[in-house]
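What follows is a set of structures for review.
You will see chain A twice below: alongside chain B first, and alongside chain C after that.
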Partner chain A sequence: MDKITERLAEIVGKDYVSTSAEERFIYSRDQGVQQPHMPDYVVLPDNARQVQEIIHLANNDSIPVVPMGGGLVLSGLTIPLAGGIVLDMKRMNRILEVNESSHYAVVEAGTSQGMLDAYLKKHHPRLKHSLPDAPPAATIAGNIAIHGSGHLSQSEGGFHSEMVTGLEVVLGSGEMVKLGSCSTVPGWFSRAPLPDLAGLFLGWNGTTGVITKVGIKLFPRPRFHDVLIYMTEDIDIAPDILFRIIETEVAEDINYALSPKPDYLNGFQMIVINLVANTEIELNMKKKIIRDALYDYYKTKESGFMPLPPAMKGDFLEAPQKALSKFADVKKGGGFEYVGAIMPVEKIPDACREGVRITDRYGITYSLGARIIGRGHSAMFFFAYPFNRADTQDIEKVSHALEDTNAAALKLGGIPWKTEVSGQKLILEQMEPQTSSLMMKIKSLLDPNGIMNPGNWEVK
Partner chain B sequence: MHELKFDPEICKSCTSCDCIMKCQYIDLESDQAKSEHAKLVAGEDSSILHDCVTCYACEEYCPFGNHPFYLIVERQEQRGVHPAPKPLEESQVIMMGPKGRIKPKELSPPVMNMCFFTVMNGGIRGSLFEGVSKFGGSDVFCNLMFLHFARNSTIRQRLPLMIENIMKNFLEPAGAKELICYHDECYGTYTSWAPAFGIDVPFKPVHLFDFIYNRLVELKENIKPLGIKVAYQRPCSNRLCPQTDHFVDDIFSLIGAERPKREFEYENALCCGGVPEAQQRFELTEEIQHKNVEDMKASGAAYCVFNCPFCFWTLSEPVLKAGLIPIMMSDLCLMALGE
Partner chain C sequence: MDSEYTDIIHRCFRCGWCKLPTTYQDFNCPAYLKYRFESFASGGRMWLIRAWINGEIEASERFNQILFSCVTCRNCVEACALPKIKDKLVDIFIAARQDLVDQGNIPPAVRDYLKAMTVNGNPYKMPQEQRGAWAEGLNIDRYEDQEYLFYAGDVGSYDELGMKMARSTARLLKSAGLSFGILAEEETSDGNDVRAAGEKGLADYLAQTNIETFNNKGVKKIITLSPHGYNAFRNEYPALGGQFEVYHYTQVLNSFLGDKIHTGRYEKKVAYHDPCYLGRWNQEYFAPRRILGSIPGLKLAEMDRNMNNALCCGGGGGNFFTDILGTGPDLSSRARVREALSTGAEVIAVACPQCYKMLDDAVKDEGVQDRIRVSDIAGIILESGMK
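Coming up: the complex of A and B.
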C-alpha cells in the first residue's frame, strides 16, 4: 500500500479506498462513448469532514479529484481524465431533514433520486421532488450540479439547479462553506436574499468544489394524475401547440418526442402532457382546458389526441418516464449516448430536422425529444443515440454524430448540456471572452492548485 | 374488386329510414333524415358522414339488410372524410398491418383466433376452454376496426390475405373446419362484412359466446349459480351479428346471472366511448359513458360484463367508479365454475 492509499484509508477506513485494477476499471468509464481513463484511487467518504481531509491531501500532493454521484452522466464528466482520485459520494446518502411547512429537504450529496422519492412517499406522502428521467440511482447532488431537469421542471420553476435552496460545499482549496439561508440561520429554506453563490458550483462539472449537502425544494403531491398525448405529423406546428398547452398553465409536465421506433410511430410527433389535481373535478377541468386550447388544431383532423384507455396509460403516468430508458437498450450491448441541448422552444422543429439529418449521415437510429422547462422559457432538447458497446464501428459512428450534434446545437442557438470536454471547448470558443475569462478567474480562486476534475471547462 | 352489395332502390322505397331515425347519436327529423340519407346514397356530401360516431348500429337497424353503415364508410372514404385525426389513422394502419411473422404452431380443434388480442391469452383457461388451441396477431387480424377510420379499402386489401393465412397456417394443418372467434369483430367480419363485399370465407366462424354456452352446457353440473345482476356492455361489432345476442341471455340463465332491465340495452345499447374519443368528441364521450354507467347502476347491476377487450379497457374505470365490477364474459363464467 503506497503512502497516499494509507493516508486515504486513515481518513475513510480501509474498506472504502481501493487501488485494485478491477475497481479502477469500473470507475474509468461510463455508458457513453468517451474514452476511458483509469483513476489511481477510488475513495468513498462517509461525511463532509472526510471530504475536506481528502481535498487537503490532494492539494498537498497535487492529486486530481473527480467527484462522482450516480456516474450516469453519459458524457464522461466523471471519467478521471488526469487520473487521481474518483470521489464516489454514494456512502453520504443520509436524508437529514424534511421541512413539511417550508417544502424543502436537506440531503447528503450521495442521496439518490430513488431514495428521496421512496422516503417522501413513506414519511411525507403529501410532498414530492422533481424526478429526472434518469435511473433512480442518479443522485440529487449530481443532477443539480449538471443543471438537470425533471417532471416538475415545466410547472415548478425550471432546472433542478433552480430548485436548490442551499448547499454545503468543500472548495477545491479545502475550505468548507455553506451557501444560502443555512449560512446565516438554521433553516435551508432559500438562497435569497443573500448574494447567490450557489451558482459557483452549478454547471461547473465539479471543477470548483465538492458538493456535500443539498437543500432541495419539495412540492405538493396531488392525489389525481392523468396524461394526454397529442399527435401530429407536422413538425412546424409543434412550437405553437406547445405554447398553447403551456399558456393554459395547467400542465405539470410537457414532453415532446419523435422516434423512428416503433414503426407505427415513425414520423409522428407525440406531445405528452401530464396533469395532476387534488380532486377528480379539477383533473377533468384541466383536461378540458388543454383540449379546448388545441381545438383549432384537432378540428381539422390533421392532428389530435390519442385515445388512451386507463389500462394503456401505464408508463406515461410514471415519474421518471421509462420510454427513454427502454429506448436506450434498443441496439443491445449497453451503449447509450445523447446530446442534451438547452434551447429556445421555437428551435424544436429545426433541432428535429438536424437530428434526423445527422443520424441519416451516420446510419444510426435515434430518439429525439424535448422537455419544456419553466413554462416555456426554454426546452431541454435531446438527441439520443443508442449503440452497441461491442461494436467499434457503431461506437465510432455515434462519436461522430455526437460531435456533429454539439456543433449543430450551438449553430441552432442552443447550448449543449452537461457536455463532454470536446463540447465544452466548442462552447468556450463561442463564449464572450470576458465571460470565459471570469470563469477561469473563479476557478483559480476556488481551486488554486487545479486539482478539481482537470480537463473540464479549461481554456487553453 | 369486392364492391359493396348495396341496392339504392331499397333505400328509395324505404319509408321508415330506420338507419338514421333509430340512431342514438344523429338527431334528425324524418324528412331531414331521408334527405341527408338520399345525399349519402347519391354520393354527395351529407351531415351523416361527419356526424356518424361509427357505432355500427345502423347495420342492425336496417330492416332490409342493405348495409347502411358500410355505405357510410364507403362514402366517407370516397369523399375524404376522416372521422379520426389523420396521424392516428395512419399509425393504426401501420401498427395493425400484417407483419409476415407467422410462427408454425401445432393446433387441434377446437381452434380459436384471438384476433389482435393475444394479450388476453391468459383469459382462455380452465375447464371452460380445455383443449382449445389458439393463435392470433396482426397476420390473422380481421382489420374490421378500420370501419372506424373510413377505410373499407384497408379491410378489402387485407382480409383475403388474413383468411388465407388462417386457412393455410392454422385451420388446414389442424384439420379444422370451424374457427372460434375470440372477438366478435372477427365473427362480424366473416358473417357480415365479407359477404357484403363478396369475399368468400372458407371456414365456419363460431361466436365466442356460442362456444362458451355449449361448453357450459357440458359443464352444467359444476356450475354454482352466481345469483348476481350483471349489466352487459354490448360492443359495436355485435351490431353486425345481432343473432348472437341471445347467447348472453342463454349463458346468464346457465350461470345464474340476471340481465337487469335497462334503458340502454339490446338495440339501444350505447357505445363504450372509445371511438368518439378517438374522433375528438370529448363531451359526447363523457355524456355517453355517464348515461351508460348510470343506467347500469340504476338497474341494480353489481357487475358489468364485457364482450370486447377494447370496451373493457375503455369503460372499466368509469364502471369501477360507479361501484360495479368490470369483468370479461369468460371470467364471469369461470367464476360460476368456481375457477
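Coming up: the complex of A and C.
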C-alpha cells in the first residue's frame, strides 16, 4: 500500500479506498463514447469532513480529484482525464431534513433521486421533487450540478439547478462553505436575498469544488395524474402547438419526441402532455382545456390526440420512465450517448431536422426530443444515440455524430448540455472572451492548484 | 462461458436501475450495500465479467470477491430495465463463478465450503450419521411408504436454529396427522447452494444421489424445510430426471390452518421476512402471510422492502457458508433488522433456516435483543398455543 492509499484509508477506512484493477477499470469509463482514463484511487467518503480531508491531501500532493454521483452523465464528465482520485459520493446518502411548510429537503450529495422519492412518498406523501428522466440511481447533487431538468421543470421553475435552495460545498482549496440562507440562519429555504454563490458550483462539472449537501425545492403531489399525446407530421407547427399548451397553464410536464421506431410512428412528432390535479373534476377540466387549446389544429384531421391503451399510458405516467433505458438497448449493445442542448423553443423544428440529417449521415439510429423548461423559457433538446459497445465502427460513427451535434447545437443558437471536453472547447471558443476569462479567474480562486476534475472547462 | 451469455453480456449499459428495489427505498443488493463500489453492483459485475472475457482484466482475488459476494437474491433481476437480459443476470454471475471453479481460481472460503461438501457431504464437516439428530425424541418414522418425505436439508440437520425450526415443523406436521417420514442419515444435501457457488458438477452429483434415493424409496411428494431445497427440487431436479411434487412447509401448514391445525393467540407485532428462494425464485409470497394473518392477536407488519422487493438476509448463493460478505453495519442482515424495527415489530418471522440464523446473528450484532427477536413460522404457531 503506498503512502497516499494509507492516508486515504486513515480518512475513510480501508474498505472504502481501492486501487484494485477492477475498480480502476469500472471508474475509468462510462456508458458513452468517451475514451477511458484510469483513476489511481477510488475513494468513498462517508461525510463532508472526510471530503475536506481528502481535498487537503490532494492539494498537498497535487492529486487530481473527480467527484462522482450516480455515474450516469454519459459524456465522460466523471472520467478522470488526468488520473488521481475518483470520489464516489454514494455513501453520503442521508436525507437530513424535510421542511413541509417551506417545501424543501436537505440531502447529502450521494442521495439518489429514487431514495428521496420513496422517502417523501412514505413520510411526506403530499410532497414531491422534480425527477429527471435518468434512472432512479442518479443522484440529486449530480443532477443539479449539470443543470439537469425533470418532470416538474416545465411547471415549477425550470432547471433543477434553479430548484436549489442551498448548498454545502468543499472548495477545491479545501474550505467548507455553506451557500444560501443556511449560511446565515438555520433554515435551507432560499438562496435569496444573499449574493448568489451557488452558481459557482452549478454547471462547472466539479471543477470548482465538491458539493456535499443540497437543499432542494419540493412541490405539492396532487393525487390524480393523466397524460395526453398530441401527434403531428408537420414539424413546423410544433412551436405553435407548444405555445398553445404552455399558454393554458395547466400542463405539469410537456415533452416533445421524434423517433424512427416503431416503424408506424416514423415521421410523427409526439407532444406528451402530463396533467395532475387534486380531484377528478379538475383533471377532466384540464384535459378539456388542452383539447380546446388545440382545437384549431385537430379539427383539420391532419393532427390529433393519440389513443392510449392503459398499458402504454402507464409507461408515460411513470417518473422516471423505464422505457428510456429500454430505448438505450435498441442496438442491443450496452452503449448510450445522450447529447443535450439547451436552446430557444422556436429552434425545436430545426434541431429535429439537424438531428435526422446527422444520423442519416452516419447511418445510426436516434431518438430526438425536447422538454419545455419553465413555461416556455427554453427547451432541453436531446439527441439520443444508442450504440453497440462491442462494435468499434458503431462507436466511431456515434463519436462523429456527437461532435457534429455539438457544433450544430451551437450553430442553431443553443448550448450543448453537460458536454464532454471537446464540446466544452467549442463553447469556450464561441464564448465572449471576458466571460471565459472571468470563469478562469473564479476557478483559480476556488481551485488554486487545479486539482478539481482537470481537463474540464479549461482554456489553454 | 455459455455463448448465450457472451452474446448478451455487453448489452448491460450500467443504467443502475438494478441498484434499487422497484419502490426505490434503498440499495437492494447485499454486496453493493456492503461494499458500495460500482464494481459490486450488478451492472459493474456485468462489465467486469465482459472485461475478463475480453482479457482486459485478470481473475484476481478482488475479482473473485466481487463475483462470489453475489448472494443470488435476484433483486437486480426484479429491477433491471432490460426485459431480454434481466432474467439472465444471476445465471451469468453463476456461470462466471463456474468458469472460475473450473479454473481452480476461487476464494479460500469457497474452496473450503466446496471441499467440505465433497468430503463430508455437508458444510459443517459433521458426520453423516448425525443428520437425523434433530428429530431425536420426536418419534418420527423413517421414510418408507408414507405420503410425504420431510426433507430437513443441511441447515435443518446441523445448525442449532435450523434444527429447532425442523423440530417445530415436524411437530406441527405430526399434530396435523400427516403421513410423512424422514431420511435422517440417508439424506443428501440438496446441492442448491453448491450450484449457486458455481460447482455444477458437484451439484449435479448431489442431485442425482438424492433422485436415486427418492426413487428407490418411492418418494412422490416432498416437503422441504428450506426454500433452497424447495428451489433445487422444483427447478433443478426435473432436468436431471427427478420429478417430484414439492412443497415448502409453509404451503403445507397454510393448507392445514383451521382444519388440522388450530392456533392459539399471539399478541405480538410481527414483520415477515421473505426468503429469496421462496419469493423471487419461486413466487410464493402469500402462504407464509396467510398463516401469520390467521393467528388471532398477531399484528402483521410489512417492511418497506417486501415481497419481490424484499432485501435478502445475505445468506444466499453460498454466502451463508462462505461468509464472503463478512461483518459490519452495512450487512444486509443488519439493515433488515433495522428495517423490521422501524415497523415497530417485536418479532421477525422467517420461513428459511438460513434467514433464521443470519437475522438472529444480526439482532445480536445490532444489540437489540431486548427489542426484537427472530422466530420461524412453525415456532410462532407453536408459541401461540395449539388448540
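In this section, the second predicted complex is superposed on the first by the 454 of 460 C-alpha atoms of A that agree within 3 Å, B and C clash if a C-alpha of one lies under 4 Å from a C-alpha of the other, contacts with A are read in each partner's own complex, and residues count from 1 in each chain.
Here is the rule we go by: a contact is a pair of C-beta atoms (placed from the backbone, for glycine too) under 8 Å apart; a residue touches a chain by one contact, two chains touch by 3 or more.
Nothing here was measured: the structure is a model prediction, and the numbers come from that model.
K.L.:
Quick one: on chain A, after the overlay, do chain B and chain C clash, or do they fit? Just give me the call.
P.N.:
In the arrangement built by aligning on chain A, the partners chain C and chain B fit side by side.
K.L.:
Counting only touches as set out at the top, which of chain B and chain C does A:Ser102 meet: first, second, both, neither?
P.N.:
Neither partner.
K.L.:
Classify the contacts of A:Ala21 with the two partner chains as first (chain B alone), second (chain C alone), both, or neither.
P.N.:
second
K.L.:
Have a look at where A:Ala118 lands relative to chain B and chain C in the superposition and call it first, second, both or neither.
P.N.:
second
K.L.:
Which partner does A:Glu233 contact after superposing on A: first (chain B), second (chain C), both, neither?
P.N.:
The answer is first: A:Glu233 touches chain B but not chain C.
K.L.:
Identify which of chain B and chain C touches the larger number of residues of chain A.
P.N.:
Between chain B and chain C, the winner on chain A residue contacts is C.
K.L.:
By the touch definition at the top of the document, which applies to A:Met306: first (chain B), second (chain C), both, or neither?
P.N.:
In the superposition, A:Met306 contacts chain B only.
K.L.:
Which partner does A:Ser190 reach: the first (chain B), the second (chain C), both, or neither?
P.N.:
Touch partners of A:Ser190: none, neither chain B nor chain C.
K.L.:
If we overlay the two complexes on their shared chain A, which of chain B and chain C does A:Gly334 touch? Say first, second, both or neither.
P.N.:
The answer is second: A:Gly334 touches chain C but not chain B.
K.L.:
Quick test of understanding: once the structures are aligned on A, what is the angle at the Cα centre of chain A formed with chain B and chain C, as a multiple of 10 degrees?
P.N.:
Nearest-10 rounding gives 70 degrees.
K.L.:
With the two structures placed on a shared chain A, what shortest C-alpha distance in Å links chain B and chain C?
P.N.:
Here the least C-alpha separation of chain B and chain C stands at 17 Å.
K.L.:
Overlap of the chain B and chain C footprints on chain A, residue-wise?
P.N.:
No residue sits in both footprints.
K.L.:
Which stretch or stretches of chain B touch chain A in the complex?
P.N.:
Chain B residues touching chain A: 82, 84-88, 90-92, 94-95, 274-275, 277-278, 280, 282, 310, 313-314, 316-317.
K.L.:
Which residues, counting only chain C, touch chain A once they are in their complex?
P.N.:
Going by the criterion above, the answer is residues 8, 10-17, 19-20, 23-26, 35-39, 44, 47-48, 51, 56-58, 60, 62-63, 66, 81-85, 304, 328.
K.L.:
In the complex of these two chains, what residues of chain A are touching chain B?
P.N.:
231-233, 262-266, 268, 287-288, 291, 298-299, 301-307, 309-312
K.L.:
Along chain A, where are the residues that touch chain C in the complex?
P.N.:
Touching chain C from chain A are residues 15-16, 18, 20-23, 25-27, 31, 42, 44, 70-72, 88, 90-91, 112, 114-115, 117-119, 122, 135-138, 322, 325-326, 328-329, 332-336, 388-390.
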